[in-house]
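A short write-up of the structure that comes next.
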Amino acid sequence: MSEIALQVNFGLNIALLLMLVAIGLAIARTRSLLAAILLMGMYSLASAVWLIVMDAADVAFTEAVVGAGISTVVLLGAILLVRAGPVRHNWRMTIAPAVLVLGVGGLLVYAVTGLPEFGDPASPTNAHVGRSYLIQTSDEIGVPNVVTAVLASYRGFDTLGETVVVFAAGIGVALMLGFGPRSNLPRAPAATGDHHVVLRVTAKLLIPLIALFAFYVQFHGDLGAGGGFQAGVILAVAPILHALVFGLRGTIAALPVRAVRSVATMGVLLYSGVGVVCMINGGGFLDYDYLFPPSVEAMIPPGLMGEPYHAHHWGQHFGIFFIELGVLLTVAATMVTIFYGFAGRAAEEPGAST
Amino acid sequence: MNVAVTHFNYLAVVVLMMIGLYVLFSTGNLIKRMIGLALFQTSTALFYISLGKVSGGTAAIKIYPDSPEARALAAPLDPTYVQQFGVGGVVYSNPLPHVLILTAIVVGVATLSVGLSIAVRIREAYGTVEAGEIEAVARLDTADAGRDP
Amino acid sequence: MILFEALYVAPPALTAQAPILVIAGPLIGACAAALSPGGRTAWMVSMLTAAFALWMAVAVAGEVAREDVIDYALGGFAPPMGIALRIDALGATMALLVASIGVMGALYSGHALESEVKAEKHTLFQSGYLLCLAGFLGLVFTGDAFNAFVFLEVSSIGTYALVAVGEARDRRALPAAFNYLIFGTVGATLYVLGVGFLYAATGTLNMVDMAMRLATLGDNSAVQAGLAFVVAGLGVKAAMFPLHGWLPGAYAGAPSLVSVFLAATATKAAIYLIIRFVFDVFPEGEFGEIFLSWILAPLAAAAVIICSVQAVFEKEVRRILAFSSVAQVGFILLGVSLATPAGLSAGVFYLVAHALMKGALFMAVGAFAISVRARTVEDFSGIAREAPWSAAAFGVGAASLGGVPLTMGFLAKWSLVSAALETGEIWIVAVLAIGSLLTLIYVGRMLEAMFFRAPGRGAERAREAPVGVLAPLFVLAGLSLWFGVDATLPVSMVNASVSALVGAAP
């Protein structure tokens, strides 16, 4: 085995992990919330790079758009609304957590010594089910990206649950921030004067490109890194950018709050609908091999899907296509709902302001 | 080899986890707590991903056996190693932890946004996001409970 | 389960799909509720969906009675490659319990929401309620350790906000919901971490496969820590002492529908999963025994004593009931910690009994809350004169909680004591006795105020709750009575559950 390549890889791994620890310590130390949030964004980007080194391309993508992207937006929106000053520090509050943390840490170190070595190809994790996926995907699913195959088909039920979690978060944020006199009151349009002209022109150029990129990520998910979650978050960035540059009022006029909520619902309905259709056609829930009755499957011209490993898995291909579309709809609409919740909230009671 | 080297990733994850828990429990600021919680959740992601890494592996996107890319990826590795642990002549990292962690990351952002939205409402109802001050007001509420039905 | 054996409630094609329909039904219903034009429609959707879930749960119970265990491979992939639902008698019993409470809650929500939640929020609220129902049903059916985490989160994420909505009545609901979120998420993350260690040791997430592989592994620090983290994480969700800090505030502050549903199902589902891991996944041997008798039993005993004392000194009725819930979780876990068939069956029976009585109690408190804003025991003085039917139902629930003969609570306590005597653990009997005594004290305080005192300022304005609220309340309270007299049905289900778990009926 080529030692040099492996050592470079392992060296990068160690360097990035040390960087993460350093950023973590900085987050723990800082009293400024803004600094902590920006450090959190850095942490996510650094861990995205680390994830690439770990061959987790899909996860790296997600961490970059979710961790560094939408989480930072939500955190910034929240500190704008709570108008918190610097974090107060009380040394008496640090003793009990320190003891707790050392206890948990001790247990963890004890546990870690029982794990197989890092990178061991013969460890139970890498030898059992994980390896079976790598071997069987080509025959059973027929998409090159094994992560997509496992995510959307083998463990498609988990992914349904995950989509529902996103949907539930949208409901939660809407219940908290979407109602009452303070909600959906856009602040004064952000850009009115001419000095924002560069921003406006750039945004106008960028917004369609962002949407286009989202669809690329969506439909390329079978072949490379990407998929509904990443694409959904990216797609949500388009209206968010629009709201930031042109003001929330215009964005809500174009994409009304209720409509966006309905789209989030449609995504979950589409996903579970695929499952129900499979059931009606005689298979189990989410068994995409039964997505089309045989009579329909016979009518699909061969070669329609380009160049998959095994062209006969129409059900799997279309099943994955539809459920990823459901994921896209729910994630994008929920992210916009969450953004509406935070951005549309008035920091002070209307009328009470100066 | 030394455990500190062979298990370096796991030990780093333990440290990150401890930092996250410490941030979570050592501050009264609700926003900072959410940040600590997010750190703690992310560290489990790093743990799972470390478990799925295979030495000399590549991302689990299948490459045609015997294609130039496959041969280029296998070239630096020991042929018997590729033979034993590869699939179609290429060594891949384990895709399953990646799938699980995609789920966990999404759950993380869901928790974060719901938590922050509750924190915003707390600010509106109590005028502060410091746990100590909120508790003081809440204690008054509790004391009032008997007097003001 | 014998009673279910001859029960064919659905056509065969539907019965074959019933396990997944129990979960998918409420999920789709949640979408429909969110799309509803108004609260009234959303309520109808909620009712229909919950009823459908119960129907399917009964169908599943029938199948389980005939076939012992049902496996349902999702996506057509056999485990461990795919996710599989795996339902035995215990899972079927839990699903029946959760779905029945779900129906009662949906029925109850028709009127209860109107007084506590703003009308414009009703559609989203019902949607969140159905998601929570789907989450718990998924949790009890899934045979996959990671999938259980996903359902844990499905049931939790929306619930945090549902609890917080209680701020309209009491702003303390907000910090309570935030606390619940922090604790709940730490618990879920610890659970994932534990599952990660078990996954590292076995390479699989399917519980059956995991158990088989763990059995051949022998002592390994990763496995031990993994099991410890799994139980600790679930312990937070189950409000296992001392990880229960989130519960009193959350149950006291939430809208009554949410209190009813959470009190009757949330901790129960987590306890179910603990039982599953301890008896199905843990390798046989010392580790499990040490855990049960040296960690679980003392903590459960501490919960019984300490939280009962807290309940005795608490002033607000909802908080008394909430602290009582933590203490009752202690009772249940004491039974489980005995690890004998008799102990386990007493624990599971107690679990069912507690779900029914606590559901009824919180429902009754919510029924009073429709007309008056009463919080403390004093506020409830003499309320029985103004609202006799609700008060009667409360009385039945409280009697069952206190362990008065001819109620289900009495049978539950009785079987717990006899199981403890059987194993010779006298100290457990003593703890049970002290705990029951303390329970009688706080139950007595509430009943005395309600029935034997002159109406206070709050109670004078009290009016009887509408029929839509009384009906589900009477069903729950009535079940506590009926099963106290004739416990054939729950006993047969519990016995089947226990023999599915440990292979021997009590």
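Every chain is named by a letter (A, B and C) in the order it is written, and numbering of its residues begins at 1.
Assume a contact is a pair of C-beta atoms (placed from the backbone, for glycine too) under 8 Å apart; a residue touches a chain by one contact, two chains touch by 3 or more.
This structure is a prediction, so every number in the text was calculated from the model and none was measured.
A count of C-beta contacts for the chain pairs B-C and A-B puts A-B on top. Put simply, the chain farthest from subunit B by mean CA position is C. We define each chain's centre as the mean of its Cα atoms; on that basis subunit A and subunit C are separated by 32 Å.
Centres computed as Cα averages put subunit B at a distance of 29 Å from subunit C. Subunit A and subunit B have centres, each the mean of its CA atoms, that are 13 Å apart. Shown for subunit B are the residues that touch two or more other chains, namely 17, 21, 24, 30, 51, 96, 100, 103, 107, 110-111, 114, 117-119, 121.
In subunit A, the residues touching two or more other chains are 108, 112-113, 115, 123, 125-126, 129-130, 133, 155, 158, 161-162, 165, 168-169, 172-173, 176. Shared interface positions of subunit C, i.e. residues touching 2 or more other chains, are given as 146, 150, 153, 157, 160-161, 164, 199-200, 205.
Those residues of subunit B lying in contact with subunit A across their complex are 1, 3, 6-12, 14-32, 34-35, 38-39, 42, 45-46, 49-63, 76-78, 81, 84-85, 87, 91-103, 105-114, 116-121, 123-124, 129-130, 132. By the touch criterion given at the top, residues 17, 20, 24, 27-28, 30-31, 34-35, 72-77, 80-83, 118, 120-121, 124-125, 127-128, 131, 134, 138, 144, 146-147, 150-151, 153-154, 157-158, 160-162, 164-165, 197, 199-205, 213, 220-226, 228-229 of subunit C touch subunit A in their complex. Partner subunit B is touched in their complex by these residues of subunit C: 146, 150, 153, 157, 160-161, 164, 167, 170-172, 174-175, 177-178, 181-182, 185-186, 188-189, 192-193, 196, 199-200, 205, 315-316, 372-376, 378-379, 456-458.
Listed in rising order, the residues of subunit B touching subunit C in the complex are 17, 21, 24, 30, 33, 37, 40-41, 44, 47-48, 51, 96, 100, 103-104, 107, 110-111, 114-115, 117-119, 121-122, 125-126, 131, 134-135, 138, 141-142, 145-146, 149.
Chain contact summary for the complex, subunit A toward subunit B: residues 1-2, 5-6, 13-14, 17-18, 20-21, 24-25, 27-28, 33, 36-37, 40, 43-44, 47, 50-51, 54-59, 62-63, 66-67, 70-71, 74-75, 77-79, 81-84, 87-90, 93-94, 96-98, 100-102, 104-105, 108-109, 112-113, 115, 117-123, 125-126, 129-131, 133-135, 137-138, 144-147, 150-151, 155, 158-159, 161-162, 165-166, 168-169, 172-173, 176-177, 182, 223-225, 229, 309, 331, 338, 341-342, 345.
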